Every structure is written in structure tokens, then in C-alpha cells.
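Just dropping this structure here.
Going in written order, the chains are labelled A, B and C, and every chain counts its residues from 1.
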Amino acid sequence: MPLHRFYYAQGLFSAQDKQEIAQRITKIYTDANLPAFYVNVVFIEVLEDSIFISGKPAPKFVRLVSQHLARTMDSNERKQAVLDKLEAAFGPYVKDRGLDWEIHIEEHERDLWRTQGINPPMPNTNAEKLWVKENKAIPFEE
Amino acid sequence: MPLHRFYYAQGLFSAQDKQEIAQRITKIYTDANLPAFYVNVVFIEVLEDSIFISGKPAPKFVRLVSQHLARTMDSNERKQAVLDKLEAAFGPYVKDRGLDWEIHIEEHERDLWRTQGINPPMPNTNAEKLWVKENKAIPFEE
Amino acid sequence: MPLHRFYYAQGLFSAQDKQEIAQRITKIYTDANLPAFYVNVVFIEVLEDSIFISGKPAPKFVRLVSQHLARTMDSNERKQAVLDKLEAAFGPYVKDRGLDWEIHIEEHERDLWRTQGINPPMPNTNAEKLWVKENKAIPFEE
């Protein structure tokens, strides 16, 4: 559900960093009672000469694009809380290392979303709880 | 118009697979009387250590992000039908090989879209029919 | 703010081309009194066998996805003017070389956007003017 795409110049993160960032981001959503497997994290590494800020090469910059599908954030407090959590998840690998960063979250339509061929269950339904428990997509009756 | 971006660990698809998936996806739209050249398919291959589900490496996972611009889907039946068609297009290369997958479609604003410098014609106009026939962008009077 | 992702087969642009395209795109926004550092440009190069139009390999095709966060375009005239400017920025490297291209712009929600951990200031505020002048994110009182 949440799809997190990180863009940055190759070499900024080690394999271990990537693993840890993905785990820390995943925990945000499992703490909110979402299935762990909803969380996709993709690290898209580009050449050093292929990412720019201010029209200048940005070899120390990390840009995250996050997309949400399973939940909508219905207040600004909630939105800021989720941004806080995401920034805390990758902060030790980014801010604490002196890198620059930018993030935005998009919310897209859940009717246009499927995992393993199934439109995922609505929030807090028994079907969703089963998906959380089994951590996989299981056919269900609506 | 429809821009389809596939994200996955390098090595999952051969050049032949990619060609066939692109052809099969294109057919969905030409069957709906859209110009073939509207269909963009991009395969974004990342390192095996750069894609995660549930905070774990996901070397057998394919994530598709599809974006529509030329048409909007105005009923849930239509939305599900398009998802069905997309999943059928890549199914032989994904589901049938035991890979995992997830997809979502986004609809974006056609006024903010251009191909070859031209805002594409509205649905089912003579100009669009000419674009279908010639399979290229041709200037037209609105 | 504006995040510009270019997708194309590797080899189409030199390092110098990328630098110049990024500078020319950045100028669009600084001319509109936005901070230069809002402008992110990422060149995502794929294998020649990994990008398709009409179901056929498209080694001479450039696809730009632009995302806006700091401003919304409230008239069609404005939308077309921004598209004109973007196409003029990369035109010498794309149209003038006989490449094909397609572009769309998306507008996303500024409340879900942060740079360096800060929700950027509203348009034309004193804080934004300071960000322009210093070309960096500076904490401010709302």
C-alpha cells in the first residue's frame, strides 16, 4: 500500500542501510495495525551526474516519494504525525549523516489498487485483521 | 497517456519478456480505440538489495504504477475491468511464474498533459480518430 | 517542490546535457520567485530494452513526469504557459535532436510536503522570500 520510492545518487546507502530503513518504515505501518506486506520500499539509485537541486549536482540529497492507498489522513495533525514518523524512520541515515532531504506523500484511490489480484479489505474489517495476522493477501467476501 | 512503470529486482524479466508485456499492455488500449503510441511502458530495474516488502528483501516482487490521462474511469465496474485487463496482460510473466505483485492506477489531469508538444484531442473526436489511424501526434484545430 | 523525473534509454543525454537541462528547468521557477533549491531534477536512465511506446522499443523517447507542490495553477492559460516553459527548457536537447517526448504535470498537496523537515512557507510570505534569498530551508513562525 504505501509505496515508498527513494531517489538519490548511488553510494549514499549501503545494503545494510537500505534494509534498516525499510524495516523502520515498515514498523510505522504495522504499529498502525496494517499488514506488513503492504509496505513497499524501493531505492532508485541514479548516477551522480543525474540528480540536481537548484540546477546543481546533488550527490548528498535524498528525495522520497511516498504513496498511500489503504488509509486517508483526515486532519492536518494526522498528516504531520505521519511525516514525523517517516522522517524519524530514515533520519539516522539521512539527517544525522548531514545529507539533505525532501519528502512528499500522495494519497491515491484504493478502488484502483490490488495486491496479488485482490482489492484489499476496507480498514479495520475482519478481513483486514486476517491479512495482518497472516501477513498475506487472502480472498474474502465483501 | 497511460504510463506504466514496473519496479522490480533486475533479472526477473528477459528482454523478450519486457517486449511481450509491453505489447500485451498496449493492446488493452488499442482495443479501446486509443492510439497505440499513447502507451508508454518503462521497466525500472533496481538492485536485488533495493526493493523490500514487509521490511524484507523482495527479489520476487513486481510493483506496477500505472497512470492514466486520456480517459477517466467513471464506475467501479470499469475500474475493476481495467485492473483485470492489466493483470491478465502481465499475468503469464508474473503470477504464472510464482512472483508476487501489486498494482495501482492513478488518474491525472489531461489539461496538464502533452505529447510531442500538443495537448491530445478529446475522447472520440475526429482528431483522436486520426491519431489512432496514423499512430502519431498531428496538430489539429480544437 | 517541483520534482521532475525524466525517463529514457541510457545514452540519450550527456552529463553536460543533464546539467544544462536541470539549470534551464530551475530558471523557470526562480523566474517565478520560488527558491532555486525547490527544484529537483532526476534523470532515470533505463536499459535500451526497457522502454516502449506502441509496444515497441523506444530508444529515442523521453518521458517527463513533473510534480508541483508549492503552487497550484488556477487557469488553463497558466497550465499551458508552464507546459510551454518546460518544453522550451528541454527542447534543444529533445525536439531539436529529433527525439520524441511526452510530459505531464501533477499537482500534489502541499500539507504533505516537507523539505529538510519543514513544511515550506505559503506563497509570497516573508518566510518564503527569505528562503528565496538564502536558497535554503530556514525554520519560521507561521
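The working rule: a residue touches a chain if its C-beta (ideal position, glycine included) is under 8 Å from a C-beta of that chain, and two chains touch if they have at least 3 such contacts.
For reference, the UniProt names are A, B, C = Tautomerase cis-CaaD-like domain-containing protein.
Bear in mind the structure is a predicted one, so any value in this text is a computation, not a measurement.
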- Fitting the CA atoms of chain A to chain C, what rotation angle results, rounded to the nearest 5 degrees? 120
- Query: At the chain A/chain B interface, shared numbers over all numbers used: above half (same) or below half (different)?
  - Reply: different
- Message: Counting only Cα atoms for the centres, state how far chain A is from chain B in Å.
- Response: 22
- What parts of chain C, by residue number, touch at least two of the other chains? 44
- Touching chain A in the complex: which residues of chain C? 3, 5, 15, 18-19, 22-27, 36-37, 39-45, 67, 69, 108-109, 111-117, 119, 135
- Residues of chain C touching chain B in their complex? 7, 44, 46-47, 49-58, 61, 63, 65, 73, 76, 79-80, 83, 87, 95, 100-107
